[in-house]
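Each of the next two complexes has chain A plus one more chain, namely chain B in the first and chain C in the second.
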Partner chain A sequence: MSDVLFLQWVKGPLFSIAVMIFVIGVVLRLAEILSLGRAKNLAVPKGNPSLGGWREIGRRFKVDQGTFQQNKITVIAGYVFHVGLFIVMFLLAAHIALIKHSLGVSWPNLPTPVVDMAAVLSMLALVVLLIDRLSQPVKRFLSRRNDYLVWVATFLPLLTGYMTYHHLWLSPQWLLGLHILSVEALLVLFPFSKLMHTFTLFLSRWYNGASMGLRGVKS
Partner chain B sequence: MSELSLERGINTLKAQIDAPIASFFSSCVSCGMCASACSFYTENPEPRYTPIYKLEPMRRVWEQNFTLLGKLKVKLGIAKPVTDEMLSQWQELVYNTCSLCGRCSLICPVGNDITYMIRKLREGMVASGHVPEGLVGASTRAVKIGSPMGIKLPALQAQVKHIEKATNMQVPFDLEGAEYLLMLSSMEIMNYPEYLEAVGKILTNAGKTWTLSSECFEATNSGIQIGSSDIAKELVSRVVNAAEKLKVKTVISPECGHAYTALRWEGPNLIGRPYSFAAKHIVEVLDELREQGLLPTEGMEDAKLTFHDPCQLVRRGGVVQQPRNLLKLVASNFVEMTDHGTLNWCCGAGGGVSANEDANEVKMKAFQRKKKQLDELKVDTLVTACANCRIQLEEGLEENQMDLPVVGLTELIAEHLVERNTINEESRHD
Partner chain C sequence: MTQFNMPTVGEQLRENGISRRAFLKFCGLLASSMALAPSMIPKLAEALEKATRPSVIWLSFQECTGCAESITRAHSPSLEGLIFDTISLDYQHTLQAAAGEAAEQARDEAMQANYGKYVLIVDGSIPLGNAGYSTIAGVSNLDMLKQVAKGAAAIIALGTCAAYGGLPQANPNPTGAVAVADIIKDKPIINVPGCPPIPVVITGVIAHFLAFGLPALDHLGRPKAFYGQNIHDRCYRRPFYERGLFAETFDDEGAKQGWCLYKLGCKGPITYNACATTKWNDGTSFPIESGHGCIGCSEPGFWDFGGLYNPVSLPSSLSSQHVVFATGIGVAAGVAIAALNKQAKQQAKQTREPVNVDQLNREVQL
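For the complex of A and B:
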C-alpha cells in the first residue's frame, strides 16, 4: 500500500468508523450507568445536594497538603500530562482546523512551538507515570492489563503527532497516517476502558458531592 | 431468612448496584491515592489494604452484570467469577481493615464514594455468610436483647438511680410530650456513665423537658456496621416507635458516630419514610442551646487540649463547627491537629471494627496514625464526642504508654455549667 493510499484510508472510512464507535460507545456506556438510577434519599437534608455536587466537581481538582505529600509524582505528573494533552488536542492549529472542517466551530490556537513543548512535557509525564506505576507497590498491585493498554493507547498519538510535526523517520504521509490511526485506536478503546473517566469523573464527583451536600459536609 | 449462600450474596450485590456505583467503578484510574487516605493502609502498608481494592468482588459483579464488555467476557468464559473462596478472603479487607470512616471518599480525585460502596458490599457479605463472628454476636444481641453489648433495661435503671441519688436530679423515663428523647450507646452505659449525668444536667438546667424510653435506649446500630439492612431497619424502627409513641420533638443521638449515621441518614431510608421528629447529635443540640443562651458556663480549662473529630460526624454528618464553638466556651488553649475537621484521621475502630475481635491487632496498628497526630501536638487532654472513638483512643494511648486523659465533650461542658437558677437569682438581686 502506498503512503498516500494509506493516508486516504485512515482519514476516510477508518476515521468515520472510529468516531462512530467512540460516540455510540460513550453514549451507550453513559446510558448503562445512568439507567441504573438511584433511590430517592428520604433523610431531611441539611444542605443543598446539587450545590454540593457542583462544589465537589470543582474542589477535587485541588489536593490537600497531606495527600499531596504522599502522592507528589501522581499529582504533579498527572497534572502535567492532562494539561499537556488538553493543549495538544484542542489548541494545536492543525487540530482546530480539523474540528472546524468537521463540526464548523473553531477557536484561537496556541503557537505551534508552545504546543510542541506541551506534547513533550505530556509524554515525559506519561513516562514518569508509567515508571511510578511499575515501581510503586500500590499502583503496581492495582494495575490491570487495561491500565497498561490505555497508557500505550494514549502515548502513541502524542508520539506519532510529535514525529509528524518534526518529520522524523518515515514520509510525512506515512507518519500522519500512523498518527491518525493511533488516534482511531484510542477512540475505539475509549468507551470500553478507564478512559471513560474523562466523562464519568464529573458524574462521580457530582454523586459524591450531592451526598456530602445533603449531609451538610463542606470540605 | 433463606439460607446464606454465594448465590444469595451475588444477587444481593447485584441489587446494590446503582448509578453512583456504576459511575464510581467506571471512573477509577487505579491511581492509588485512596491508599494514602486510609490509616489501615498507611500504618500497615500492604497494597491489598488499598480502599478501592477492598471492593473487587463488587467491581466484578458490576462489570459482569452491568457492562456490555463484562457480559461479553462472561459469554466467552473469560470473566473471573466471584467465588466463596474470594469472599472469604475479602472478609478481612471489608470488615477488619475498614471503619467506614469516609476519608478515601473525601480524597479520591475522581470523586468515588468508596465508603458508600463498602457499606453496600457488606450487604453481600452478610447474604453470603462471610462475616466476622464478633459482628454476628453484636448484631444478634442487638436484635434479641436490645443492645450489642447485651445491656438490659435494669442495668440502665440502676445507673439512673445512682445518678439521681448523687445529683438530686430526676432522670425521667417515658415522659410523653417531652421535647427531647435521649438515646444512649451501650459503650456509654458500660464505660462512661458520666455522659448521661452530664446531658441530664445540661438539659434540665436549660429548662428543657427530656426523657429516656424504657422500651428503647440503645442508639448504636449493629445492622449498619455488619451491613444488614434488615437488622438495621429493625433497630432503627425501635427508636422511631419509641419516639413517636412519646411524641417527642427531637431524638438526641448519643456521642457515637455510627449511631448518628444510622439514625440521621440511613434511618428514614430504611423505614421508607421521613420521621415525624428531628434527629440530632448531642453536639448539635448543645450548640443550639449555646446559641439560645441556654448553656451558660464558667471557668476555662488551661490545659492544652485538642479535639478528635469522629469520622461519622465530620465526613458523613457535616458536624464540624459545633464542637469547636463548644470548646471555645470552656478551653483557653485549644489547638487543632494537622489534619482536622473533615480531614481528620479515624481512631481506627469505628464501623464495627471494635466489635470484631479479628481486628484487634490491626486496629491498634491503625491507631498509630492518631498517635502521630498527637505526638506532633503534645497536648495535655484529648477531647472527643464518640464513646467508641474514646475507648479506642484510651486503649491505644495505654498500649503506647502515652499518659493523656481522654474526655467526652459533653462531660467537659457539663463540668463548667453554671446553674441557671443561680444566674436568675443573681439578676434578681441586681
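For the complex of A and C:
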C-alpha cells in the first residue's frame, strides 16, 4: 500500500468508523450509568447536595497535601501529563480545525512551538509514570494488562504527532497517516478501558461531593 | 546516450549564437537549482557541451497540455528554451508542424533511426477502462505507450497524470486511468510530477539526463535534486505557522498580513516540490506567495486529499451528522442496557441468598 492510499484510508472511512465507535461507546456507557442511577434518599437533606457535588468537582483539581507528600512523582508527573495532553489536543491549530469541522465550534490556538513543548513534556511525564509504576512493587502489583495497553495507546498519538510535526524518518503522508491511525486506536479503546475516567471522573466526584453536601437531615 | 549522427549540444549552441559566458552562467544556475556543488559547474558544462542531441518522442495521452504550456511558454525565450531546442524533438502533437499521417510517420522514422537510444517523454495518464477513451491515429494510448517505450533509452513521465495518474485518476476514475510506471516495468522512468511541473525543473531534469544520465530519485521516482524539499519547510510564511497566526478566509486581516494558509487548505506540509525555492514565471513567485495555499500537485492522489480548501488534518468523510447519529444510537443502547440491568437487579433481589464471611474471603482472593 502506498503512503497516499494509506493516508486516504485512515483519514476517510477508518476515521469515521473510529469516531462512531467512540461516540456510541462513550454515550452508551454514560447513559447506562446515569439511567441506572442510585437508590433514592428519602431523607430531606440539611445542606445542598447538588452544590456540594459541583464544589467537589472543582475542589479535587487542587492537590491533596497528604497524597503529595506520599507520592510526589504521581502527582507532579500526572499533572504535567494531563495539562500537556489537554494543550496538545485542544490548542493546536490542526486539531481545532478538526473539531470545528466535526462539531462546528472553534476557539483560538496556541503558537505551535508551545504545543510542541507540551507534547514533549507529556511524553516525558508518561515515561516517568511508567518507570514509577514498574519500579514500585505496590503499583506494579496493582497494574493489569489493560493499564499498560492504555499507556501505549496514549503515548503513540503523542509520539507520532511529534514525528509528524518535525518530519522525522518517514514521508509526511506516512507520518500523518500513522498519527491518525494511532488516534483511531485510542478512540476505539476509549469506551472499553480505563480511559473512560475522562468522563466518569466527574460523575464520581459529583456523587462523593453530593453525599458530603447532605450534612445530615433537615430538622 | 552515445553515438548519434547529430551535432552536440555545444555545437548547436554556438550555431545559435550563444556565447560561452552565457552558457557557463546557465550551467551555474542549473547546477544550483539541482543542488550540485560549485565544483560540478565546469563538469556540467563539459558534459552538456559534448552531449549529443538525443531524439525525443513526446507522447500526449489523457492530459490538458498544461505541462507542454509550462515548458514552452513560461521561460521563453531563455537559455533553458534553447537547451530544449538542442534536443531533437521529433514528435509532439502540439508543437510539431506535421499533422495526420505525416506526424505518425515522423514518429516511426525517429523510432527506427534511434531505436534503443531515444528519450520518451509522456504527459497524461493511460486509460485501461476502454481503449476508445483516448486514441491517437486510431491507436490506443496503451498500445502506443508499449510500442514506443520498447525502443526508448529512458522515459520521463511529465506531470502528475503521467507520473501518478493525476486528475483523470481522481475518484471515481471513470477511464481506469493509470500512470506510466504502472504499465512499463523494464525501462528507467523519471517522474517529473506537478500540475504542471516547474519549467526549470523539466529542463533541469533533461539537462541532467544529457550530462550525467539518470538523476538520483526518491521513493516516488522523482529527482531528489528538485523534489527533495518540503514546501512547508521552505515556505516564507512558515514563521506565521510557528507563531500560530493563520488566515481564516481569503480576504481577512490575516490574509492581508500574509499569515499562514494552513487553515485555508494549504497542502505544503505533505508536499515535496521546488516551488518555494526555484519559484515560477522566471523566479517571480509561487502560489503561496500569491495568497493561495499549495494544492499538493506533485504528490500522488492529490485530487482526493479531501478538498483543496480543507486543512490537511481534516477527515475526508466524517461529518457532524455522523456524530449526532452515533450519539442517538449510544443513548438508545444505553437506556436499553440500563433497563436490562434493572431487571437483572430485581431478579437478583428476589433470588438473593445471604453470603457468609468465608465466601467473601474467597471472592477477595480471586
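Note that the second predicted complex is superposed on the first by the 213 of 219 C-alpha atoms of A that agree within 3 Å, B and C clash if a C-alpha of one lies under 4 Å from a C-alpha of the other, contacts with A are read in each partner's own complex, and residues count from 1 in each chain.
In this text, contacts are C-beta pairs under 8 Å (C-beta built on N, C-alpha and C of every residue); 3 or more make two chains touch, one makes a residue touch a chain.
Everything numeric here is computed off the predicted structure, so don't read it as measured data.
Peer 1: When the two structures are laid over each other on chain A, do chain B and chain C clash or fit?
Peer 2: They clash.
Peer 1: Of the two partner chains, chain B (first) and chain C (second), which one does A:N48 touch, if any: first, second, both, or neither?
Peer 2: neither
Peer 1: Considering only the touch criterion stated at the top, classify A:L201 as touching first (chain B), second (chain C), both, or neither.
Peer 2: After superposition on chain A, A:L201 lies in contact with chain B alone.
Peer 1: Now for A:L36: first (chain B), second (chain C), both, or neither, which partner does it touch?
Peer 2: Both: A:L36 reaches chain B and chain C.
Peer 1: Return first, second, both or neither, reflecting whether A:G12 touches chain B, chain C, both chains, or no partner chain.
Peer 2: The answer is second: A:G12 touches chain C but not chain B.
Peer 1: Compare chain B and chain C by how many residues of chain A each one touches, and report the one with more.
Peer 2: Touching more of chain A: B.
Peer 1: Output check: A:T67 vs chain B and chain C. Expected answer is one of first, second, both, neither. What do you get?
Peer 2: first
Peer 1: Have a look at where A:L28 lands relative to chain B and chain C in the superposition and call it first, second, both or neither.
Peer 2: So A:L28 meets both chain B and chain C here.
Peer 1: Which one hits chain C, of these parts of chain B: 129-137, 273-281 or 399-407?
Peer 2: The listed stretch with clashing C-alpha atoms is 129-137.
Peer 1: Show which residues of chain A both chain B and chain C reach, each in its own complex.
Peer 2: In chain A, residues 28-29, 32, 34-36 are touched by chain B and also by chain C.
Peer 1: Enumerate the contact residues on chain B facing chain A in the complex.
Peer 2: 17-24, 26-33, 35-37, 41-42, 45, 47-48, 50, 52-53, 66-69, 105-113, 116, 264-269, 272-275, 278, 314-320, 338-339, 342-343
Peer 1: Across the complex, what residues on chain A touch chain C?
Peer 2: Touching chain C: residues 2, 4-5, 7-8, 11-13, 15-16, 19-20, 23-32, 34-36, 93-95, 97-98, 101-104, 109-114, 167, 171-173, 176 of chain A.
Peer 1: Would you tell me which residues of chain C are touching chain A in their complex?
Peer 2: By the definition above, chain C touches chain A via 219, 230, 233, 241-244, 246, 262-263, 269-270, 299-301, 304-306, 310-320, 322-323, 325-327, 329-331, 333-335, 337-339, 341-342.
Peer 1: Show me the residue ranges of chain A that touch chain B in the complex, using the header's touch definition.
Peer 2: Its residues touching chain B are 28-29, 32-39, 41-44, 46-47, 56-57, 60, 63-64, 66-67, 70-71, 74, 78, 133, 136-144, 147, 192, 194, 196-197, 200-201, 203-209, 211-212, 215-219.
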